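Some structures to go through are shown next.
In the two assemblies presented below, subunit A is common to both, partnered first by subunit B and then by subunit C.
Coming up: the complex of A and B.
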């Protein structure tokens, strides 16, 4: 009997021209999004790889110079385009893509795509994520808004009931039927996207397959939530019109209004400090410490005394090592300390802000799937921070090597311009390489979104099994 | 005419008694008020940042003026006085960091546009500007991604939905309610009746829009008298936009479909014009004409800067003096002159490269603009952010201002540096006036 209901739902839906058209549009949109998106992602990835390689090449072949000049010549770190970003752009348009790495200074990760585009960018880009998160629920709404009310209006609901089919079974049948149609549209896209994950993908991100399937699973859960929700609304709505209006209302609030309101509210609760304050604080704190170019501070005097004592000499001129190298490295490390402190403050504020939208997943399943999908695609805020930190660590690494060389090899008495290093030294620094966080770390920090989806599924399941027998038959 | 008036007064009663319609209007108005407050909150935050920067700049300059007057008999004061009066700075530190702020335009709070993507101020000294404007503002990318809930958003996204809700059953409501034959029996034609009822609905939408806009101006604290033309510009754009949607819904009504089908069609049109088309345009333009590679530009600038210090002094002076003969005193040995001449040359190269890059970006954005008409929502949002000076173009204008200001400041600095002179008190007063 249940099979019959599912079959009936499938057939009616497949024969409905309106659904054929809207389903068709959805498929075309997703195909376009996948294919064009993949091509774009490949191109950008290639461009950044080339840029990274060419910048490293420039570093290696920068010619002969003093190690400190080389540290100022600096390097660049480019953010690799995550493999799955062709499915979900996430925040990629709004985060910077490259950062200049040099001595003394932590530069910002700059040049987001949004800054270089006009206002249209803010309307979003057609990605699979957009179709699945925003448009698929609409298809579900169109599939289900009259799934009960029509039968009620035509009087068939009573007939079915008279044949001995319980309302609970009928409800499950309708949910299963609708869900199957959704899967019929979804699965081919999953297969296509999977086939597009070529070998080079694995070289960029080893855990890509796992992330891909976790993402697909997340969407399946999301669809199921929406199917349950809309069949439930349809079951209790007085008529088809009201049911449609309610569902569209739910959709507009959860997909259009709430996400914006949540992000804006978060900014109000945890205010973002300004760049001005951020820089001023760092400057102020560093000023009380040491800076390689300002050898007059109290800290520097202490350090000087320490070094002199260590080598058992009375003046800098007698030191067997290069004092500037030591002072600069000490300055670096002090600045790093201050910077880390301040940076983590800002990072924490942003995390708290984002946490609000993660918790909001319990009121709005759209937010839950959006955050989860972005995280698995490697395009969320965390990934950006991981990149920024990796680049900063790389900077510290090579600047330290330059300072150390200066300390040990640039003997006192030799003029700055006369101590030079070449290719051998530059190429001893490995090229910047950054690995995306693995799937387990992503899933563990996204526990709120995952729990929210499960909460919705379980909640709706219990709600419907409790209320299904009470569905009005007239 | 009498019948129409009669019908309209009846219509008004029906509309005001329709509960779901009341709810929708309430939601739209509520969203509008929230949007106005949120926009004000954002702009106030930016203004606060701006005043913070300006205050800091004033304080710093005032302490410089105090330093300049210090008695040099005290050894400690000598250094400070030197720092205040030396145009080339002392050691590695430069003379002064100036700030230029991008103050918010009167209606910026009603349409925040692209303003949140860019810094609202730049800080710079008289060395090369190109590197000093490579900064951003701290912003949570998640918030930039979801966008701002301001009044323009309510107009662009939610008003069309209101129009769909008001119009979808204009004809089918009568048909399905069984009152169509009654209407047909009237002496006035059904079309006439439908048009007048449609106009009444349009006027309601316009009135709501005008009221929200008025509230927006008042809550933002902008007096209408001063910004009357701006108010009219806004009103015209929004009225036009509402009219477009009314015409679109008119076509839907004209198709004489059932109520639920009309509603779905109207909603579908909304989806296409506000969501799908912009997203597709972004996808295609991004994929086909990706943003030019900034890496090349950045590297070229860095290389120029790096080489600038390797170049022989004579080369720097030859170039600099031929471009700026007013500074040419024949001196080719001074370190400071060489140092600052190099910055000017670096900026020149960097600006040329940047201009080239900007041109490419401009071409790409022109492509987006060319297809903008496919998405009226985008078109209207762009117009609103243009009149509110919150679009990308306005930011570029601000960057131009920064360049001009930098040039103005440089003039006095370079004059003193190349004449081997210190700043006089008069000079410092002039600089203070320029703040």
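Coming up: the complex of A and C.
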């Protein structure tokens, strides 16, 4: 009997011209978004790879100079364009793409896509994620708003009941039928997107296939939640008009109002310091010490005495090593310590803000799937932080090598301009290479979003099972 | 066998039905007459289990509709007043869907035969129901009821909106089913059809069954006079035979 209901739902929906048009538009939109998105991702990734290689080439061929000059000549780290960003841009448009790496300073990641775009970017790009997260629920609403109420209005619900079919079976049949239609629209997009995951994708992100299927599964769960919810509303709405109005209300609240409200609430509860405030705090602490009682000149004096004692000499000139190299590295390490401390505070605030958004997935499935999708696509804030940290670690690594060389090899008495290194030294430092977090890492920090989707599915299933027999037939 | 025993239904403070007692045996066609709001449809809805009685009992083949709802459906077929069916499906597809829900989906040949047996034209069988007239849709409804081979049939104003020819065809189909010992309870406004097709007639007013009579004991004119007088008079119960 269930099969009959599912078949009937499929047939009636597929023969509905309005659905054919709206479903067709949605498929075209998604196909376009997939193809254009993939083209864009490939091009951007290629440009970034070229830029990374070109900058490294410039580093290697910067000519002969003092290692400290080389540390200031610096390098660039370019953020790879995540493979699955062609499906979900997430925050990628708003976070920077490259960072200049040099001695003493932790520059911020700059040149976001939004900086180069016009005002329309603020309205969101037409990505597959947008279609799946926002427009697909609209199609589901369109498919289901009168799925029960029309039957009631036209008397077929009475006839179904008279034939002996229970309301629970009918409800499940309608959910299954609608869900199959949604899958018929979704699966071709999944297949096309999967075919676009070529070999080069794996070189950027080794776990891309797993992430891709986890993302698809997340969306399938999200659609099922919306189908359950919509069919349930239609089952108990007094008429089709009221059902449509209720569903559109749910859609507006969950896809438009709540995400903004959640972000605002998170910012109110956990306000982030301004960029200016953040930099000023670092400068202040570097100058005056982390505890405010250990200024830089005092730290330098202490270090100097320690080094002199270590080598058993009375003055810097008597040292067998380069004092400037030691002092610079010590300065670097102190700045790093301050930076890490302040950065972790800010990161913690962002993490708390994101946590609110993740918990909000329990009251809004849109937020659950949005967070999960962004994370799996590698375009959420966490991925940006991981990149920024990787770039910073790379900076610290090569600056340390420069300082160490200076300390050991730039002997006292040799003028700054007379101590020079060349290509051999520069090329001993490997090019910046960044690997995206693996799927297990992503899934583990996204456990709230995953649990929220499961919570919605299980909750709606039990709610439906309980209330389906009470669906009014008149 | 259809039975209502002391059946009452109250909505809020409003009494929609008060102490209805009626019985429809095999081969009987019981026509419920009455103005709008008299309680005809409420009675049918109670037999169908769409609503629960406030008091009293509804029985189908000795089974209580309230406590054995799903069991009673096996013995019951139903034709509602406005049967729209699914416009995007053909008559044949509609028939196969609804009969399949009863657990006994007839094959294509038998389904076509059923539709032809209710005088649906051959070329209409495969057309979408959205192109059907009301009469054609009712015929599909009758075919669905026939396919179920139920011993009891409930109809809620099945001839309303039908043209005279379709109404006459419908009466013939009803007679065929009566001859097969089906117990039929029909709510209608059509006095002529009630007199012609019914074996028993009940006249309802304000939720009460005012008159109950056998159709062969009364002429159409007498029925009309009795009906009009009942509508004008104060409510009281009188059982005629």
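Methods note: the second predicted complex is superposed on the first by the 466 of 474 C-alpha atoms of A that agree within 3 Å, B and C clash if a C-alpha of one lies under 4 Å from a C-alpha of the other, contacts with A are read in each partner's own complex, and residues count from 1 in each chain.
The rule is short, and it goes like this: a contact is a pair of C-beta atoms (placed from the backbone, for glycine too) under 8 Å apart; a residue touches a chain by one contact, two chains touch by 3 or more.
All values derive from a computational prediction rather than experimental measurement.
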{"item": "Fit-or-clash call for subunit B and subunit C when the two complexes are aligned on subunit A", "value": "fit"}
{"item": "Which superposed partner A:60 touches (first subunit B, second subunit C, both, neither)", "value": "neither"}
{"item": "Which of subunit B and subunit C A:159 touches, first, second, both or neither", "value": "second"}
{"item": "Touched partner set for A:1, first subunit B, second subunit C, both or neither", "value": "second"}
{"item": "Subunit B, subunit C and vertex subunit A (Cα centres) - angle in steps of 10°", "value": "100"}
{"item": "Subunit B versus subunit C as contact partner of A:12, first or second or both or neither", "value": "second"}
{"item": "Contact breadth on subunit A, by residue count: subunit C or subunit B", "value": "B"}
{"item": "Touched partner set for A:27, first subunit B, second subunit C, both or neither", "value": "neither"}
{"item": "First, second, both or neither for A:274, with subunit B first and subunit C second", "value": "first"}
{"item": "Contacts of A:108 with subunit B and subunit C, given as first, second, both or neither", "value": "first"}
{"item": "Shortest CA-CA distance between subunit B and subunit C [superposed frame, angstrom]", "value": "17"}
{"item": "Contacting residues of subunit A [partner subunit B, same complex]", "value": "18, 29, 32-33, 36-37, 39-40, 43-44, 47-48, 51, 54-55, 58, 62, 73-74, 76, 78, 90-91, 93-98, 100, 107-108, 110-127, 130, 134-135, 138, 142, 240-241, 244-245, 248, 252, 256-257, 259-264, 266-268, 271-278, 280, 293-294, 346, 349-350, 353-354, 357, 380-381, 384"}
{"item": "Complex interface listing, subunit C residues touching subunit A", "value": "45, 48-51, 70, 73-74, 76-78, 80-86, 88-89, 93, 97-103, 105, 128, 141, 144, 148, 154"}
{"item": "Subunit A contact footprint on subunit B (complex, rising order)", "value": "20, 31, 34, 38, 41, 45, 49, 52-53, 56, 91-92, 113-114, 117-119, 121, 123, 134-149, 153, 157, 161, 259-261, 263-264, 267, 271, 274-276, 278-284, 286-287, 290-291, 293-296, 298-299, 302-303, 306, 361, 364-365, 368-369, 372, 375, 377-378, 381-382, 385, 391-392"}
{"item": "Complex contacts: residues of subunit A adjacent to subunit C", "value": "1, 4-5, 7-8, 11-12, 15-16, 154-156, 158-166, 473-474"}
